[in-house]
């Protein structure tokens, strides 16, 4: 059972890295996050410099005290995490769109599902490998911030929390994309769905003004962004991890359902 | 080691389209059985039900008494399936692909290596085993499909249109290979080429618009002159296809 | 997949994206709204069409398999929602911030325990979910709700603030308001310090009174100038003290219930009656915070304080290890970093939490008034410091070089005294009353200009709290980020950037090109 899942996972990895899209996505994500992190770091340093030089030339130490709102949390980690989350939303559907749809379009799903593989094994291997890809993507993009943050003593553990959040968020988006991919044989449709659903679920801000406050509060509970905010602030909350794990589980279950429904057509 | 196939009035409908209509069949162990008919006659539909890829609307198929509706995985464990227009992973080399399929079939270690060697030797894949499937010729790809179907030494081999698009030499070679399974394996051969069925099958069933139109043994074919003549005599016209969505 | 739902999805995508792109300018635009509405309509039409075109499952087995799969999916949804609801009640969390910003300090926990023992209505933290800092503060407020049984968090919206909080709720910056029953108290910048201060204010059975002595050239409590004490008054009020200025009446007693009397560096002599009054006040268990400054001559120091065991001799402390932080670096600007570690007033201060005192008078100990009294020096200049006796010359910047023959010493700049008074508690050695005095040789460290510099605030608040017998709340300080300057040089920063943020994607891209080339080959 485990051996079959591992064999499938190896095959998925081979396919993933045989196509240039994984590398293009990796390049785009690592470059974008690096540049944006650098920008936030530089502007934070400039801000500190402004406050501190005012203290040297102007009215003395008291005015030079940096207000507690100006800190690496508010100026670097939180805005960087917002950017990183958006980039994940942009790049991940490009990876997930092919995972099931390509198999269906090429007919290789028939090969898999008539060779004794259980549908849950197929779904598990595909989801697992995609999460592994997300992990790799984040690990590659974390090298630069991690080195700078640990060298500058700005809170390595804090950065770790941010990346745990990124991983949760990325896996949730990926699982939605995979579920979309499993219901169609067209990669384009899978991509459109994979972009639309997370975008709609993002924070419902576009809807909350037109519905009652109670409904708005409930919508907020299921919105992706309202569960993402504590990670960049350096706190890993059990409830948020459970939420994202729940989405990933549902994505897997939806993929499984699509495989069963295809058999029952 | 060979298996018996029993299909009992299997039907498959897609909305108002009837792809398979109360189709019954009994294939004896060790037999090479031909399933012939024009494109869309219901051959592939039957095979997909037999291999557990689709569910039958009515009826059931049993392999060695095991119902495919009840326990498709048990049926799949006894079945090797080389599907039409071989659907393989073009990014894999032949070796990688066979290893993957072997692992999926539950083979590991020395048994896996042996099974791969045997399959490669049987199908004459040695010269191409390190090449990517995407760059192989159609004939080789068919052989790869057959090789993966044989990895776990199944009792039943299901082969769907194995010679489509092959040059005559490749066709002859592939038929020779399939004929070699007579007695040791049960083979269900799906084809729309009558002469192919005529050449290697012990018995042949003709599917026409999802229905069993005729059933003939090799001897009956020989007596009738040719398969074509026999079927024209039995059906009275050229077979027609149903449209499967 | 049918065309209509796909088109509908694209329209929703465009609608949502255009909304996010322009929402800061004007909420929902006609363009976004129309796209969203049309998109939803198209999906609905497509869905209806799909349902009508559905021809049922093919056969009983298919129906069984499909229904089972859908039932499992539905059960999965229900299970996940249930698990989410259960998990949302859990407060389990891992605080990985550098200063454990969202984990309550021991002092806040102690206060919560104290609140738990009280009767009376619970304290509500009214939390405005739509405020600017909501996400940051939510984590902190939840920590209170978790640690304090008597504190509840109540979510409120900006549209309908709760009754007691309505007047206090003013701007979008208002994030939390603390309420107990009908009484509400605003919380400024919602830090742990400010929230706990508000809890202290609401939890107090009676408000401790801090009186400032006036009429002898003391620092002005109302002055907002650099040297004034308006900031100190505001700080004490924020900490739940009732702050008033007090002229000493010539004959009568001090008003009852003066918890702490602050003499902020009187420059002129006090009348003999006033001195006598203060003596009586202290003998009755009074509490006095006395500040001074170099060069001040008043009988308050030479008479009253000397009588209670403190000798404020003429002089100013000069220290090489002084602060370069003020605009004019001078050895008179002390960075006080040596403290008595076990005295409640300085327990929280250390080498890393320094106090900045510009121009400080040495505070030495004299004879104890009674054998049971306890006097202690609590803050010191560094071992390289010495006392320049000519104050006028030193303040003018002359004679600040350390005489070579002087032995090393650490001149004290603050001291405390506690004086058991009154009758013996029956059956014990302790007395009913205890007078307390804190003397600090500088008045500027608590001025508007320097109160928020370094840990000046902590020294002052510790002193007032100890005097007000409020030791439990000593050292409740803000957990703020130490503003970390990125210590990398520009060259290092750029080098890291090139090698890690550019070379890595470059390598990935090259790998991608290789994969593409292999696929083509």
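Order of writing sets the labels: A, B and C. Residues in every chain begin at 1.
Going forward, a contact is a pair of C-beta atoms (placed from the backbone, for glycine too) under 8 Å apart; a residue touches a chain by one contact, two chains touch by 3 or more.
Values in this document were obtained by computation on a predicted structure and should not be read as measured data.
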When B-C and A-B are ranked by contacting C-beta pairs, first comes A-B
Of all chains shown, the one whose Cα mean is least distant from the combined Cα mean is A
Chain-centre distance (mean CA atoms) for chain A and chain C, in whole Å, is 34
Distance in whole angstrom between the CA centres of chain B and chain C is 77
For the pair chain A and chain B, the C-alpha centroid-to-centroid distance in angstrom is 44
Touching at least 2 other chains, the residues of chain B are 14, 55, 91
Multi-partner residues in chain A (2 or more other chains touched) are 18-19, 263-265
By the touch definition above, chain C meets two or more other chains at residues 58, 61-62, 65, 519
Residue positions on chain A within touch of chain B in the complex are 3-4, 6-8, 10-11, 14-15, 18-19, 106-108, 110-118, 263-265
Seen from chain B, its contact residues with chain C in the complex are 11-16, 55-58, 69, 91, 134-135
Chain C residues touching chain A in their complex are 1, 6, 9-10, 12-13, 15-17, 19-20, 23, 27-28, 32, 36, 57-58, 61-63, 65-66, 68-70, 72-73, 76-77, 80-81, 83-84, 87-88, 90, 92-98, 101-102, 135-136, 138-139, 157, 159, 189, 191, 323, 325-327, 356, 449-450, 452-453, 478, 480-481, 483-488, 492-493, 496-497, 500-502, 504-506, 508-509, 511-513, 515-516, 518-519
As the complex stands, chain B meets chain A at residues 14, 48, 51-55, 73, 76-77, 79, 81, 83, 85, 87-89, 91-92, 96, 100-101, 103-106, 108, 148
Note: in the complex, chain A contacts chain C through residues 17-20, 22-24, 26-28, 30-31, 34-35, 37-38, 41-42, 44-45, 48, 51-52, 55-56, 59-62, 64-66, 68-74, 140, 143-144, 147-148, 151-155, 157-158, 160-161, 184, 186, 189, 192-193, 195-196, 199-200, 202, 205-206, 209-210, 213, 221, 229-230, 233-239, 242-243, 246-247, 249-250, 253-254, 256-257, 260-261, 263-265
